[in-house]
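Reviewing the structure listed below.
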Amino acid sequence: MLEVRSITVRFAGLTAVSDLSFDVGEGEILAIMGPNGAGKTSAFNAITGFARPAAGEVLFDGRSITGLKPDAIAALGIRRTFQNNGILREMSVLENVLMGLELSTASSMAGVVFGLPSSVRAEQEAVAAAYAQLASLGVSALAERPAGSLSFGQQRLVEICRALVSGARLIMLDEPAVGLSPMERLQLGEVLRDLAARGIAIVLVEHVQDLVMAVSDRVLVLNYGKKIAEAAPEEVRRNKLVLEAYLGTA
Amino acid sequence: MLAQLAISGIVVGSVYALVALGMTILFRATSIVNFGHGEFFMLGAFAIYVLKQGFGWSYPVAIAIAFGLLFLVGVLVERVLIRPLGSAPFLSFAMMTVAFSFLFKGLTRFFYGRDVSMLPPLLNGEPLDFGSVVLFPQDFLVIAGAGATMTIFFLFFEYTQVGKIVQAASQAPRGAALVGINVPAFHSAMWGVAALTGAVAALLIAPSTLVYPDMGGQMLVHAFAAMTLGGFGSLGGAVLGGLSLGIIENLMGGYVSSSLVEISAYLVIMLVLLVRPQGVFGEWRTSRV
Amino acid sequence: MSKTADSSATGNYRVNHLARGRTLRGLGLATCLALLLGLPLLVNEYQQFVVNTMVIYALIAVGFNVVLGYLGQLAFANAAFFGVGAYATGLTMVHLALPLPLALLAAGAAGTVAGIAVALPALRVQGHYLAIFTLAFGELMRWVYVHADAVTFGPSGFNVPRPAALGLLGSPERGKYYLFLAVAIIAIGATVRLLRSRFGRAFVAVRNNERAAASLGVSVARAKIIAFGWSGFLVGVAGGLYALLNGRVTPDSFGLAQLLLNFAIVMIGGLGSVLGSILGAILLTGAPELLRNFAGIEEIVFSLLLIGVLFFMPKGIGGLIAARIPALREPLHRE
Amino acid sequence: MRRTTAIVLGALSFAVQSTGCVNAQETTSSPPIKIGMFAPLTGSAAFAAKVAYGASSVYKDINDHGGINGRKLELVLEDDACDPNKGIAAVKKLTAQDRVFLIHGGWCSNVVLAIKPEIERDNTLPYVVLGAASASISTPVTANIFQPVATTQAVANTMVDFALSRPDVKKVAIISHSDEWGKSHLQPAIDALKAHGLTPVETVYFERGSTDATSQTLKLRAAKPDAVLAVLYPAELAIYLRDAYKYGVRVPTIGTQGASIEDTERRIGIPDAVRDLYIFYPLSQTISSDQFKPWAEIFKKYYPAEPIDTITFIGVGGALAIADVIKRLGPDVTRERFLSEMNKLTNFDSGVQASTMSFSPLDHAGIKSGNMIHLVDGVPTIVSKLSTPKP
């Protein structure tokens, strides 16, 4: 579904990612690992339109999405989270989830301003859909809470909820386990596997090994912007280059 | 005529440069854009006026005390109004500076709004003729005063140990705190210095114009234009920008139309921000947003 | 106001939980509307004039809040939008003899254009750059009013014709009141609906985190243009009403003093609160009239109020109400 | 929302109560005559508050001497902050709430022009301008609006006539502010020159708050004028004169009212720079002269903290005229009679103003000319003609 074809990302004169390629298919969970500064987030940014790759191409469903703006990429069904504060802290949980419906809510500016029935209905339907999505993840009790007041684990769930409600087919999570308790990590892992079972592709950048090992189908390891390994979790664990990259820098 | 316009532009421009420099120092040190900076200039003028005309003190004494007072005003503004905001968003700091600018203006107007206040000239004297250029002794004083103040700042920031630490503190407050700099005290001092530059500018310009509560607004816009032109946050840019603005104004007035003099600053701001937001002389610095 | 609020309440997602609150609120709004309609019977012409001014400032404050509070952009062009609207209404009535409704629409259109003109740099520059840019824009507009004599009648301004229809209800101030009230209710009602829709959510998302908003499919550029355009529209219309209220338009009315007043109203009313904006407008336009005997301290009082708000109630009156009276809480309130 | 209404109603009831208080005080058998006044007591034009204080000290002095025909005058003073919106509110308060007999007010022309439609609508209300000079206030004539001060038209005519009083002056240049005040002098001045078959050889704008007039002065110098009309506020006048001296524009400069000639000299610090300066002067004598001592004393009595200035006395002529007309009405004080008596006022000599005041139903600009003031050996002196240049 997502094909990354030898992309290179340069940032302030430095090459953050060089010649990176990988694929992700439906219902697959790909984890990207690597030491700090290995270029994981840069790769994310290049795929989701926040950075323009200097070379290479990104295809989604066989269509090139290289160089599209973030909102256009989001419209295709790719949703991402951010390392920190991807949540809209000043908005309620419900409003956060509604933001996931930004593109699918059919209300028009004129319709909203004049209170036309079609737009009013579209807005109401969005609210209903958001509630339904919250309920399906079992967090509808949080709907009215300001998102900034939630625990990290709850915030991740809201972000995932927000991505799901949009009907995203590829969800890209940037270090979702940061700040999570072990319990919450387990919960997150379950949610992710659940999503994959529904055919949603997931790419996650993560340091937390137990989560990565537990959920991912494949693991891709980056070091200095280059791919040094891509394999099933158990294999990666035994990979020499990977061990060097981690131990060497440690 | 060109030479005369350019030289006179530099005289006025050096005052703009001085005010812009004060704002830049504050911005570099604290990341705060001070919309009340014009009022430091205004308060400086009134401080000198009250001490000189009201108390009847001599210029040197009045100036020295006014400078001290303004430093104190700057420090107090930081301690009483800015520091308690803590880590509030950018918008709150901007609004606080707007608020105290109107507070100072209101207070001054309340006490002196009905008087037409003026200062005697610092230097009397016949104009000096240099062929195609004529200058008053006061003009030399303005250039020398502004030039000296600016030089002191440059030497301080670029060549002294303290100045370098100060620069470090502005770039990475947490790191600075780690190496033992008292960051809050440093911020206070920078506010004081910023207010002090306002007073110096006031001293140079107020004796040749009136002292009135609204005098800060114009100066603020000119300082903004100078900073924008030179690149926000660049010390050298602020100075070059100020001088250029003075010359641009004069050339606009001399060769295009006298009705364009007053909007030169506005046009400069808008054009630069639209075409080259990093400034004509400056490098791009991302700001706290 | 009941009609407006009712239809917006249907779009309000809280409503499912608050069916009873809705009836109560409906009653409250009906009472309120009745009081507003009956108000002219209780006041003399001077008081009516002050109330009319309040209505205009309520509209301005709501408009300014869209950009300052909801979109979170520090723009100082509000007095410019206001002036553009006043000039548009006045000049189209004088030069083109446009009837009043069209002249007010012209004000809205002019304000929208000015709003979008300011939004374009807002796509490139932010924070204090935008603040300084918009400050310059406002002063440039004033220069245009002064120097484009042939069209704007220069620095002394011009008289705006007084439409005869406004005098039908006894005094022209009363006629203006009902006109202003109708315009304000319609415009503020529409704004409330806009803010509670996906458009309003997009504004707040941009304020919160532009990158996150973009990752959710929000076009940041479009959100900014819509917010600035709408803000310009509201404030422009308010300017048109102001031209009618005073019967005269002069460049001096749209300078820094005007900006401070607008700014203080929005801040004290509360960023991101429509109700707060309205109350702020009533308070800050009413207070100087009540304090006429203590002239000379307006600037001091406004600035101290601003400082006090920044220190002690950063959410302003709107925040205070939201904390005390849950029924009046506004969705998309800044938390 | 309910709170909204509560606040509005609270505010209004406060306002209503405060009027009630005023009415309750009127207990004497012959009620005082209420005079409404508005002026910029605050804001950027607050320096002109003393115009209102000057006029009101006349009314207070009259009250202290028993009033007019046994009736006291009651003054209601409102602030307009030089803002049209506030000015309209002030006038509405004075008429609808305080129900004054007449209004004597207005320093800022933009405020007076804004309230003009209001005054025209209630054509029984006598309105006398306090200090605003714009010629469009009294031209065309409105039945109930009287302007007892030199209009910008009168000032500009006087300036031009004075400039041309020396036969060899043919080339006149103008430096002016481009604000309302500046332009309302500029156009009449250009018209007055035209009447003499002249056009200005150069017109330049110099803005308020500027600190340097180099580009303007060099342009003027290039035009080689015989005289310069300077429509400038005091601060900018001083800056211009300094630059004019610096760049060698040494021709007579004729300024409008407002600047004190002694202050100007002191600020420039070069006596020669003001040697050829002449300033329009609205009063009959200099304020330091013996004739003005009594006026200064009255003012000091009621406003001891306020400095005395030329503009302190701008509204005094109007106040004296109003008092004179009320006195002529005798016991039957009605607005209608006041307006008709005002129209009959002819050659009224207040003793304060430079010329006498006359109104007729067709002309409500009461003052047609003024004096010129000039420093002679460092002493401000009233002059009538542009002196011939010293060798």
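The first chain written gets the first letter, and so on, giving A, B, C and D; residue counts start at 1 in each chain.
In this section, a residue touches a chain if its C-beta (ideal position, glycine included) is under 8 Å from a C-beta of that chain, and two chains touch if they have at least 3 such contacts.
Computed from a predicted model, the values in this text were never measured in an experiment.
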Required steps from subunit A to subunit D (each step between touching chains, minimum): 2
Remotest chain, subunit D as reference, centres from CA atoms: A
Centre-most chain [mean C-alpha coordinates]: C
Between subunit A and subunit C, centroid-to-centroid distance (C-alpha), Å: 39
Gap in Å, rounded to a whole number, between the CA centres of subunit B and subunit A: 48
Averaged-CA centre spacing for the pair subunit D and subunit C, given as whole angstrom: 36
Residues within subunit C bordering two or more other chains: 147, 296, 298
For subunit A, residues contacting two or more additional chains: none
Set of subunit B residues in contact with two or more other chains: 109, 113, 217, 259, 262
Touch relationships between chains, expressed as pairs: A-C, B-C, B-D, C-D
Residues of subunit B touching subunit C in the complex: 33, 35, 81, 84-85, 88, 90-92, 94-96, 98-103, 105-107, 109-110, 113, 217, 221, 224-225, 228, 232, 259, 262-263, 265-267, 269-270, 273-274, 277, 287-289
Subunit A-touching residues of subunit C, taken from the complex the two chains share: 7-8, 10-11, 13-14, 190, 193-194, 196-199, 201-202, 204-205, 207-209, 211-220, 226, 331-332, 334-335
For the subunit D and subunit B complex, residues of the former touching the latter: 42-44, 46-47, 49-50, 178, 204-207, 209-212, 214-216, 218-219, 222, 234-235, 238-239, 242, 245-248, 260, 263, 266-270, 306-307, 309
Of all residues in subunit B, those that touch subunit D in their complex: 1, 4-5, 8-9, 11-12, 15, 109, 113-116, 118, 120-121, 124-127, 134-136, 205, 208-210, 212-215, 217-218, 249-254, 257-259, 261-262
Subunit C - residues contacting subunit B, complex: 68, 72, 74, 121, 124-129, 131-133, 135-137, 139-140, 143, 147, 256, 260, 263, 267, 271, 296-300, 302-304, 306-307, 310-311, 314
